[in-house]
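Have a look at these structures, which come just after this line.
Consider the two complexes below, in which chain A is the common component and chain B and chain C are the respective partners.
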Partner chain A sequence: MNTPASARKPYQPELSRSWWLKHHYYRLYMLREATVLPLLFFLGCLLYGLYCLAQGAAHWQSFQLFMQQGWVIALNLLAFAASLFHAKTFFALFPRVMPLAPARLMIGGQWLATLLVAAGLLVLLGGWL
Partner chain B sequence: MNSPKRSDEPIWWALFSAGGVCFAVFLPGLILILGFLWPLGLLDASLLQYAQLLTLLQNGYGLTGLAFTCAVICLPLFHAAHRIHHGLHDLKCSYSGVAKLLCYGTAAALSMLALYLTFLLRLAG
Partner chain C sequence: MTDYQLLVQRYDPEHDGEPRQQRFTVPGDHTTSVLDALLHVQQQLDPTLGLRWSCRMAICGSCGVMVNGIPKLGCKTFLRDYRGDIVIEPLAHFAVEKDLIVDMTQFLAHLSAVKPYLINDYSGTQPHKQTPAQLTKYQQFSNCINCGLCYSACPQFGLNPEFLGPAAIMLAQRYNLDSRDNGKAARMPQLNAKNGAWGCTFVGFCSDVCPKQLDPAAAVNQTKVESAKDFIISMFKP
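After this line comes the complex of A and B, so read on.
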């Protein structure tokens, strides 16, 4: 029994489910991972909207009423904040993975793209011409 | 001669990063408009009325419609599936491939639904 193989006592650290609560950095990591939860809600809204659009004018009206509910607006505002937090973390990765230009320039360029898309959608859909 | 078993992970990571770009670049503006400004009536939303929207989608929309659906629904779905899959592992809730199958399977099924509905819209009206 006392062979080298059985005498081996490997250290197996026990990781609890709440490991990520123990450090500020881990909590931020989990918060970033959680940005997809409100995103999923918004994607569900988009799918429901597509479905209503395919069903006809009356359904589209009911989709608009659905989107006007307070809790839906609140969750979508959360999704908006999550998308910005995700963008902040995601844009910082690009210059690290592919350092083509100074990091600040690349990050700024990506924010500019986000801004231009938002402005373009406002002009196209919102009649803010 | 046996060829080595290839990992499928590059596919999921590629979809994850493509979806991440879409989530960061396209979604903030779209959420702001559809989730907030439009419901509160802060836009002159004539284009978002049924008839106008349908005309917009049907005239000269074609492949652009499918590209739009991919960019704002399908790729973000795979991005979310990837983060949830790895998040479940972080929370020690991942059970040998089941979570992976469920996450990416749901994303694939909802993506097919979105593309199907986009395709239907071209015939509607």
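After this line comes the complex of A and C, so read on.
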């Protein structure tokens, strides 16, 4: 007996490049991933600062003038906000990946550790010691 | 009774080149689910509408559809929560066979690829005992109903159908955490691979859409920790 030809013709949908615009959950995810972009600028500033420091006083002063420009301050503030947002999402996800203690305790602990390290660095680098 | 507007995606493989939308007006009250509405369409308005369903109580995992672009179980989603047109499409990222029916072959292949069964050399006739604490370790990951909603929520699976995906990796983690199982070594090569746990970028939408409130995203990322440990340990083995 001959088997009848299959009438199957599955339609394979394709994911468009704009898939992440379709839902706020995806947009939030892309925002989280995009926080690295302003951080790259901050890292560039840091490396440029180190380079200038090695070159001598004149270079160092030009670096300080560079850092005082409005757009540089604005971009660095953006990088700061982005890293805080990334920290918030990271701290919330961490207890799910490594459930060592109740989630709320772990999230609070991570913020506390961030604050302590930041305060310690401020005291150390701010010249108050 | 209120009239609801349903925009249902239709695809007839014998006549259509690509899917189209069809509008149906369906009566409903506060108890009418999306599945009830679709069955009303099939029984009263257009008997050619194809859909999968079985239990109507969120246990069988058959009636998954996209409702306004979000993966949902038809039986667990109610018309009362929507205003205006309700767009109903087949589960995203799967090939559409007809109307709301998708081909889940790939999903099932991914599930079986992780060896989702107890692997051990236990051959006694006595019950294989487990303490409540040992049960708690994997229990939350064992309530999956294989509905596939998490795969429709996962853009990584949409971009790369070879990615094992949330449910399969969670299932592997479920057996890896089981005190009666010794099969972790057999499962790790699949999970360590590019299309294993590392294909996940923690979008996390899979956990959001899970109708059983499981956390597949957590299971996948716990597997990354296991995979990293597995890699480090293998470096010290001759």
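To be clear about the criterion, the second predicted complex is superposed on the first by the 115 of 129 C-alpha atoms of A that agree within 3 Å, B and C clash if a C-alpha of one lies under 4 Å from a C-alpha of the other, contacts with A are read in each partner's own complex, and residues count from 1 in each chain.
Keep this in mind: a contact is a pair of C-beta atoms (placed from the backbone, for glycine too) under 8 Å apart; a residue touches a chain by one contact, two chains touch by 3 or more.
These numbers come from a predicted model, not from an experiment.
Asker: Which touches a greater number of chain A residues, chain B or chain C?
Answerer: Of chain B and chain C, B contacts more residues of chain A.
Asker: Per the contact definition in the header, classify A:76: touching chain B only (first), chain C only (second), both, or neither.
Answerer: First partner only, chain B.
Asker: For A:20 in the superposed arrangement: first (chain B), second (chain C), both or neither?
Answerer: both
Asker: Touching A:104, do we find chain B (first), chain C (second), both, or neither?
Answerer: In the superposition, A:104 contacts neither chain B nor chain C.
Asker: With the two structures laid over each other on chain A, which partner does A:8 touch: chain B (first), chain C (second), both, or neither?
Answerer: second
Asker: Tell me which partner A:68 touches in the superposition: chain B (first), chain C (second), both or neither.
Answerer: first
Asker: Using the superposition on chain A as set up above, list the residues of chain A that contact both chain B and chain C.
Answerer: In chain A, positions 15, 20, 33 sit in both the chain B and chain C interfaces.
Asker: So in the complex, which bits of chain A are touching chain B?
Answerer: Counting only chain A, the residues touching chain B are 15, 17, 20, 30, 33-36, 39-40, 42-43, 45-47, 49-51, 53-54, 56-57, 60-61, 64, 67-68, 72-73, 76-77, 79-80, 83-84, 86-87, 90-91, 110, 113-114, 117-122, 124-128.
Asker: Okay, in this complex, where on chain A does chain C touch?
Answerer: 7-13, 15, 19-20, 22-23, 25-26, 29, 33, 93, 96-99
Asker: What does chain B use to touch chain A in their complex?
Answerer: It is residues 20-21, 23-40, 43-48, 50-51, 53-54, 57, 69, 72-73, 76-77, 79-80, 83-84, 86-87, 90-92, 110, 113-114, 117-118, 120-121, 124 of chain B that touch chain A.
Asker: Hey, which residues of chain C end up touching chain A in the complex?
Answerer: It is residues 11, 13-14, 16, 18-19, 69-70, 92-93, 95-97, 103, 155, 158-159, 201-205, 208, 215, 217-218, 221-222, 224-225 of chain C that touch chain A.
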